[in-house]
Each structure stands twice: as C-alpha cells, then as structure tokens.
C-alpha cells in the first residue's frame, strides 16, 4: 500500500507536463479549434516522438505497456492545457476496447497504428437510431462502435460521418451512422467495459488537470489584480472560493488515482471507484471553471481569455460517457442492490 | 394591486410582535418545552385578551374575520420568538378545516371555543395504520382527523393519545390512534384543502419570522464579537453569509405573502403559491438556522443559547405537512402535467 | 395587501393584449419570440418606433413626453402582456428604463423636452458608459475625464462593458470633471451623441463568440455644455439614482425574458423525456419558484420603493439565471454540445454560456453581498487598501 | 502507486480481525457497534486496557513503549478491521492519537517512559485544553498563565470545549509562561493531572442536551516542573505539531465511525423505502463517494506526509459529516422528530444535531479556508485588527 507516485510515475508526470506546457499553447489550441479540434503537429509529437499515445497499450502491440495510472497522468497533463488532441478517443476509448476485446489478429492490425498515432480511432455508442456522437469522430480513420449487444470495428470509409460544430471545440463531436458497412466484431463485454471505465477515468483525469490549472491561474490573477486598493486575493470572498477549489481538487485527485489503481490492480471496488471518479472530478472541474470565470471578473468571459476553453471542456467532460448524476445513480445502485 | 401591508395589517404586525417580544421570553419558552410544549399563560393571553387565535376565523363564530394575510402576520411574529403555543394546530389546521368543511352546527359548536382558546384542537392525517402524528396533540381537547377519504372531528377523550418526546419541544408531536371513537364527519375536500394550505402558509410564515429573528440576532452578535482584533462582522466570510441569509429571507417574505394573498383572493395560482411558499420558506429557515449556529461559533451549539430552539423548529417545519422536496415535486407536477 | 386587479385594469389588459397580439401576429411577426439581445437590430428599431407611435413605449411617463400616465398596476399589466405576446427584448432598454426616468428625476425642462419624446418615439437609442478597464466593480474609481471647453464638454478616456453601444445614438457616462478628485467626488454625469469622430466603439467578443458588449474610447469627444444631468460634481448621486431605476418596472420586462427561457427548457424536457427525471423536476420547480419570487419581489419593490427586496434583487436574478443556464444544459444533455445554429437548443446553450456574465457585470455577486451586508445590515465596511486610490 | 496489500499484510489482517471479532463477540459484546462518544465510559476504559494488554492499543508505537512497531500498511489495516468489527470510539483518542505521538516526537526519554506505556496500557486517559473563552478560533490568543514556582508549574486560567474531560486523568494545555508576551510567542506546553484541587470541570450542555464538552478552570493548578513538552516558550510549535497528528492514522479511526453512521442511514432508507427516492439515492451516493475520498485522501496523506490533501482534510470531513446529518434526517422524515431514545434513529437524530459543531470546533470552516488560502495557495494573510492583541 503506497498511494503516491513511484519515481517512474513522477518522471512521466514531469515529462508530460513539460511537453504540453511547451507545445499546447493557447494560440495553437485556438488554431486547432478552428481546424477540426486537432493540433496535428502536437499529435504527431505526442504519439510519435513522445510515445505517449500508447502509454497504456500492450508492449507487444507497440505500446509502453504501462497502466491506467500512467494514462491518467498523461490525461491530467493534457487537461491542464486543454490540449486539442484525440488521446481520449483513440487511445483510451477505441484502443482500450480493441486491447481488451480484440482477437490476436485485430490487436496486431490496429493497436500499433493507434499507439504510434498514425491512425486515429474513435468510439461511439449508438442507440436504436443507429447513430451516435463520436469524440474527434471527424478526424478518425476507424471507429469502435457499440450497438445492440455488440461491439465492432469499422473503417471510417464505411460509415457516414458528419462533423458537428461543438461547444467544446477542443474535442468536437461527429455524428456517425452505421450503414451496411463491413464490420469486425470484438468480444463485446470486455471491450465495452474497458472503453467505458478507462474513458471515464481519463475524463476524470483530464478534469483534474484542468481544474488544477484553473486554480493556479486564478491564484496568480488574484495576487496581481488590484481593486479597491488591494489585491483581490486579499478579500476573504476570493480567498475562500479559491480554498474551496483546492478542497474539491484534492478530493478529485484522490478519486482519479484511486480509480486508476483499481483498474490496474483489478480491485473488487473498481466499479465504485470509476463511477465515483467520473462523477466527482467532472463536477469539481465544472465548479472550478465557474469559479475561475467569476473571480476573473469581466475579462473571464471574453473570448480572448482562455477561461472559456476550460469551462466548455468541463461541461463537455460532464456529458461524455454519462453525467455525474448518472454515475452517482450507479454508485447508489451498488450501495442499494435491493432497491436498484 | 398593492403588495404591501395596509395600515391595519401593519398595526396587527406591530401588535403581534410587541406581544411576543414581551411575553414569549427564552425562559418561558424553555419552561414550556419541559411542560408539554405549551406556555398556558401565553396561550391564554394570545387567544383571550389579544384575540389572536381567531384572527382568521369567521366573525360569526367568535373570530376576527380577517384573512390568511393577517394569520401569516401573527404566525410570523410567533415564529420570531419560537413561541410555544398551539396556534398552528388549533387555529390554522383544525380551525380552518372546521370553518371550511363543517356544518353550521359544527362551526357553532367548535369554532368559538377554538377562537377564544378555551379548547385546543389539533389535526392529524392518518395512514393505513390508523395512526398519525399530531402537533401539540398531547394538549388537544379535540382532533380533526383525516383518514381514508374522510375528515372527521373526534374528542380527545375518544382517541388514544401518546405524547412523544420531540426534537422540537416547542411544538411536540403526539401519536394519535383512532379506535372505535364517536366521530363527526366534515365535508372532506374543503376541510382538507383548507387545513393543508393554511397550515402550510402558517408554517412558511413561522419560518420567515424565525429566519428574520436569527438574522437580526446574528448581525448583532457579529457586530459585538471580536476575534483576531476585529468584530467578526467585518470579515467578508461572515458578511457574505449574512447577506445570503437576507437574500433568502426577502424571497421567503415574497413567497409567504404571495401565498397568503392567493388564498384570500382565491387566485387560480393558489396551489403553486402555497407549494412554493412552503418549500422555499422552510428551506430558507433551515439555512438561516444553520448559518446562525455557524456564525455564533462554539456558543451557538450550546443548550443555553437559543440558536438550537430555532434550528430544531426549522427542521420540524420542514417535515410537517410535506417536505420541501415534496412541495417542489408538486410544483413540478403543475408545470409538467403530461409527465406528472 | 392585494394582488388582484380591478375591472378597469383588466380592461386595460385586454386593450394592451389585443394591440400586442395584433402587431406580433401581423407586421412584426418576425420579432415574436425573439430572445437574442443582438439579433435583428434594425427591425427592433422599427419596433421601438411602432411602440412609440402607438403610445405603448413608455406608458408610465407623462403624456406630454410621449407616455400615457399609466398607473403602476397598468405598467405591471403591460409588462405581463408584452411577455405573454412574445415581444422581443427592447432595443432601447437603456433609454426607456434607465436614462428616461433619470432625466425625469434630474433633468431640466429643456432636457426633458429635448430627450424624452425621442426616447418614447424610438428615434434615439441609448447606451450606458459606467465601467472602466481596471476598475471592474469599483465604480467610484472613474478615470475618464471631462473638461468644459467653451460651450462644450470635452471627454477623454475609456469605458468598457458597454452593452449594445453598436446600435446606440446616445451614450451617458460618468466622468471626472474636477481634476485631482478621488472616489465618488468630483464626478459629473454627461450625455453624448455616439456618432462623432471622438468616439470609437470596439466590440468585445464574449464566451459565446457574440459581441453584445463593447469598449468605447473617448478621444476628445464632445457634447454641448447643457448635456449634463444635475450639476457638475453631482455625477455620483445621479449615477446611483439611475441604478435604482434598474429595480423598477423594468425588472418585469427582464423577467419576461426569463419566463421565455424557462418555457423553452420545459419544452425541451417535454420533448426529450427528461421531464420524468426526479432530479430535473426538482430543478425545474426551483426555477419556477425562483421566477415567481422575482415577480412578487418586484411587486413588493414597486409597492414599497424602499423595501429590502430592492437591495437583494440583483444577486437574486443573476444567481437564478446562472442556475437556469446550467439546468438548460443538463436537460439538453450531450445534444446541447452540438445544438444546431438558430435552434431553440442553441438559444439555451447560449444562455448557459452568457449567464456566466450575469453574476459579474452590473456589480458582481461579491460586490452585491458587500452592499447588502453594509447597507442592508449595517455591518462594517470592507477596509479599502492604500496602494491605490 | 499501489493500493493493494501484500500476503504478509493480509495475514496480519486476519490476525487482527480474529482478535477483534473474538473480543467484540465475547467479553466486550456490549460495546460492539457503540457510536456515542459519551456512553459507557467505564466499560470503554476497560476496553482500552484490554487493547493494551493484548498489544493492540498503539500498534504504530515502538514495542518498548507498548506498541508493536507496526508499519503504515498494518496501521491502515488495523483501523479498517477495527471498523469492520464494530469497535467502539476510543475513550483515549487524545492520548493514543495526539499526545502520544507528540511525546514520541518532543518528549525526553524520561517523559516517554513515564507517559507512553500508561497510554498504551489504557491506564491513563487524556484530554486537551486548547481553546479559551473569548478566543474562539483564535488559538494564539491564549490567556491562561503558567508560572514556575520552585519545582512545580502553577497554572491559572480557563479552557473551554475540552472534549471528554470528565473521563480524563491527564490534560495537556498551552499556557502563557512569559508574562506580557503576545500571540504565539511566550507559550509553553504543559501536562497536568486532572484530579487535583486546582482543577474544576464544568460540563457544557450542547444542542443535543448531552455534555461531551467541558469548561476547565485552573485555579492554582500544579504539575511537576518536568511535565513540560519541549522548552519553555516552545508551546506554539509543539501545539501545532500535535494538530498535525490529527491528520495521521487517526483519521482512519474517525472514518470508521463515519462508515457506521452511513451504514445506519442506508439501513434506515432500506427499511422505510426512501432508498427508492432518486433524490435520496443521489445524496447517499454523494455520501459514499465523499467517504471513499476521505479514505483515499488519508492514504495519500499517510503515503506523502506533506501532501496538499492534509491541509484540506478538516473542512472536508466536517462538511461531509454535517451533510450526512441532514441526509439522515431527510431519510427519517418526520419519524426523526420523535425517534425513540436508544434507537438507531435517535443515534442519527443526534448525529444531525451534533454535526453542527463539526464545522466549528477544531478550527471552523472559515478558519480552515483562510489556512488553505494562505498556507496552501500563498494568498495574502487576513489583516488583523488593532483593537485587541
């Protein structure tokens, strides 16, 4: 029992943070937002030189063979800069599904390209309508599609993909329709479980990174900005709201890494941990984003300030892969089996 | 359209406030709490000399013939001192039921005694178990009982009444069981509607009075109490929480008098108004009581300080005649007839 | 205490309703149900003028200035009927609701005749210049300067967060007319024509991508010497009184927009089945209750102008509407992320984003709580720092 | 990063579990599931002694002082198993979790030998004297005086909010030993026997009617000169370090009580059908998530002692438990108003009332937010007034 990063994990965290801080600038992110929600150069460096797209994919298929803790570390670092790249869609959702539910051939066929970033995958759960919303779907080369009781792989050329203007333009959604496309089935139960749980934890980690970045930026602003002759950070209303952000973030941190460990260790409480992390961290991110805008005052809701990028991503994180209410209801169902 | 007290209403408010401030002292209330939850001398003066128990009962039966607005004014004044008297149970619940659903004979028989305070009535809604909880039931001489689809009057001698130690000892509950008692039926629909709506608004008004009293007392404390070399009322955390209390209270005030007017004027939105007032004012009272204890610090949760009297009454107000959640659900049902 | 209306008032309601319905089903049908503050400015200018010619623009004003001497109850009724009929947001809100009443209260007879009829007729649209960059919620920290130069005031400085300046003919500003003065002293209240070389407007793009707000630059802007409300140095008093008018009948007009938004959310919940979710139902009920309490709070303010409800109104509506925006998105779910431009869902998504500003502009929630605590409850004032005036 | 335990640790778990189950099914069955802090003090004293003789009282301490040199993982496991077995609240919490570790850190060898084994053996129960009347959350504002009088310290003054003083043999206090000193300077940390003429204990009745807290009056109370921890004038440093131990393994013991409370609420909801109410389900889930995050927060604190999680823990648990109390009452509904004495419902009603104190004592939520903002985020300190030291 040691609930702190190993030296190797601390190094990965530092590397990932450094990478994003240098590369995922506001200018580049805004350019990506206007161009499909992907910074191609960032993605190439991230997946290629850095080898981070495959951080949690098996070594045998071109990944680093590390765990969900390491993937969460990377997602947290990406979230801190609201980086515009399909790490969630390609690696955590589609990649996890293929790794967990694919045949040997399927893994050999798809995972090396996903790990190296040369092919982008996405994931979509479809309702009875035969369509659904896929994150980064418009830039995907292939899709993992959950439909009916099955989970299948399908090439982007074989489905109808419609790019949709999305409030969070750093992770735009595309509407995907499955026609009579050629499909390859995966083992559905492990595939879906892996995609959902790893995706949820990655979103929770992204939220943690975003929330912490907003706290850091807002603290810096509150120390500099003077009103009524005092730095606004000296007003208790401001101090206390920043303190509340920290309280929420520290809990979110516990939640994210509890859930990541639970996945890696195959703990019996993995479902509880994943639902808890998704619900708590996404709510914390939203609350922190709301507070950050409020504490920045007028400048905080202008387009030129980055606060809205975080705010919109926070809202997107809440709605993707189940809302906080839905994940809490899932926790309640675990607690109250009789009444569920 | 004039949404402010008339001169007569302002005079009633002043009179009632003056009466309770002078008579319903902490010492007397605490003595009443130890003795059945009724200050007999207070009740005699309130109902007798002041003639306030019958404020909203018809003049023909010994009341003052005024409306729910005036009854709310009195309930608000009583709430401000957490006065221990059965105004709610006897006048607003049982008295309203008999006035609205009684025959001429029943009104003549019961209302004058209720208006003069010489007989105390209570009200209880019973479930399938044939029992229920009646406020001030242990000191009641008669009961209005809602059971099955009917509403009946029954003498206290003809039912089993068990006094129960109650968290809010200013309005203790008694368990009442209906045996094979002699009963007189009322017209159930108007009787139940009158008791529930007038009772709910009276509880909302009691909550308003209590919340405002807590705000006044806490503001005074915050101006006097020095910590870290400053009056605590100069700390923004304290100021802002007091401001939030005021924001809630002003809305509660609008809610209470909107609902009271709606009853008096027979407005089409009376159900919306009553549910809104009960939900909002009871929540506001609870929040204010919680804030008052917090802002008083250690002294606020001692037995000797009065804060807990308000806190417990606030909680009791939330649970009597439907919780805030239930009243909000009723509002939702009005808004969303299709899905109700 | 009485909430109902008399038969005469109900007759007035019928008249107002009939006129509004007729216009908004007929020549102005394109504006019916519009909610955006920035859309269709030219048509909304025509609507202002139509209201004016029919005498429905500023009904509470004296007849001699274009009003109809309407009673308070009639003003309440008109606001209700305007909402029920789906009237669009008033393009000249600042003129009708803020500067008009202020001119009525502080203006000279000449100023009243010069300005009020043009507002009532919808021929002169107004905007407001209060906030300045770097001052934020600190309204007394005005740096824009005004100097009397012969028969004209000359104004230099900058205002920010000026709503709808791009559509306005006139702007009112608070400027420092006594050099070296500090805080609320030495300020004057001036009215300037917008269309002049000394004034430049630059839109501020918000979180929605729209630009309702603007920066307004004054670089030797001028206005006639008698375009000052009150005396020189009286600016703070006039400005504060004007803010008081924000809590008048105009609150009912504002609430009409809120009602439309809530109705759209209920409709969305009906359509996607979220109206069966107990959590959503609670929040819809809270929204309904909150909106009703705004209405009855406004009626209390109007019936007793110095009621405590007035002090709490800004934070009440701002917080309510922000929560409404969050509710809207939670009703829409993921489809709110990809709402089609022009759809009602897109309007709600916009509400969600835009309402983040509600708790900031016009005195942030934090400032409002200070004001409530200090003015409403008599608590000690916040210590002012010394590093800056 | 690893949450699981080794096979050796699991063997330790089995041993601890077997012992606890045996005792709490056997000789101490009457204490199993007890949650009150004030009930059954004599039996709980016997339980302390039973833990002591079996070596399970202070397992993280060195063997020579009555511990068993348990690893951190073993301490976590023991806390979990203690909870699972339904162990009662530790009567000697202050001794085992606070003063014991402080003596280990600051005590002389003589002090360690004198005090630690008696704590581990459950023969000396401790309480804490920090707060003073009028000082509230302002811990540095200590007025209780200590003066060295030959071979003894003589203490005069008053402490308040002293938990469980009525059951204690020893009390530790912070007192002003340098006359005329102010704030955190000039304080000393003293340990005094409770049973002496110079000490009077008066219970404070709380909102529940119970009296867990006390006022403690020192009127020429004495203690031997060497019953001081650290040097004279070091009191603030020792006291702050002691507060740090509150965030150690003892948090896991505290959480065990929280778990019992949440379990009781779930049981009540199962029984009265409120477990089908979507609103209650959300709140139960929030409570479960919050409790789990306390657990994992505690494991982070224990794994990385200077983690930011430590700074936020007090407000986290206090706010969580207060919400838990409200949830309990909302699950019980009106029956919570009339809970029968001794019933589980009465325990929950008590939780509801008592938890109002959680956000006040031990540093109120407001003080905690100041500490987090100033120490955790580096924001400017709150200005201290000048009217009072």
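Labels A, B, C and D are assigned to the chains in the order they are written; within every chain, residues are numbered from 1.
Definition applied: a residue touches a chain if its C-beta (ideal position, glycine included) is under 8 Å from a C-beta of that chain, and two chains touch if they have at least 3 such contacts.
Every value quoted in this text rests on a predicted model; they were computed, and no experiment measured them.
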item: B-C against A-C, pair bridged by the larger set of C-beta contacts; value: B-C
item: Chain A and chain D: spacing of chain centres that average the CA atoms, whole Å; value: 39
item: Interchain centroid distance [CA atoms averaged], chain C/chain D, Å; value: 54
item: For chain C, residues contacting two or more additional chains; value: 278-279, 282, 366, 369, 382-383
item: Shared interface positions of chain B, touching two or more other chains; value: 230-231, 234-238, 240, 325
item: Arrangement of touching chains [line / ring / star / complete / other]; value: complete
item: Residue ranges of chain C in contact with chain D within the complex; value: 277-279, 282, 383
item: Chain A residues within the chain C interface of the complex; value: 133, 164-168, 173, 175, 226-231, 234-235, 237-238, 290, 293-294, 297-298, 300-304, 307-308, 311-312, 315-316, 319-320, 323, 325
item: Residue ranges of chain D touching chain B (in the complex, touch as defined); value: 131, 135-138, 160-161, 204-207, 209, 279, 329-330, 333-334, 336-339, 341, 349, 352-353, 356-357, 359-361, 364-366, 369, 382-389
item: Chain C-touching residues of chain B, taken from the complex the two chains share; value: 1-6, 9, 69, 215, 219, 222-223, 230-231, 233-234, 236, 238-240, 242-244, 246-247, 250-251, 253-255, 257-258, 260-262, 265, 267, 272-273, 276, 279-280, 325, 328-329, 331-332, 335-336, 338-339
item: Chain D residues within the chain A interface of the complex; value: 1-5, 9, 72-73, 76, 266, 269-270, 273, 275-276, 278, 281-282, 284-286, 288-290, 292-293, 296-297, 299-300, 302-304, 307-309, 311-312, 315-316, 366, 368-370, 372-374, 376-380, 382-383
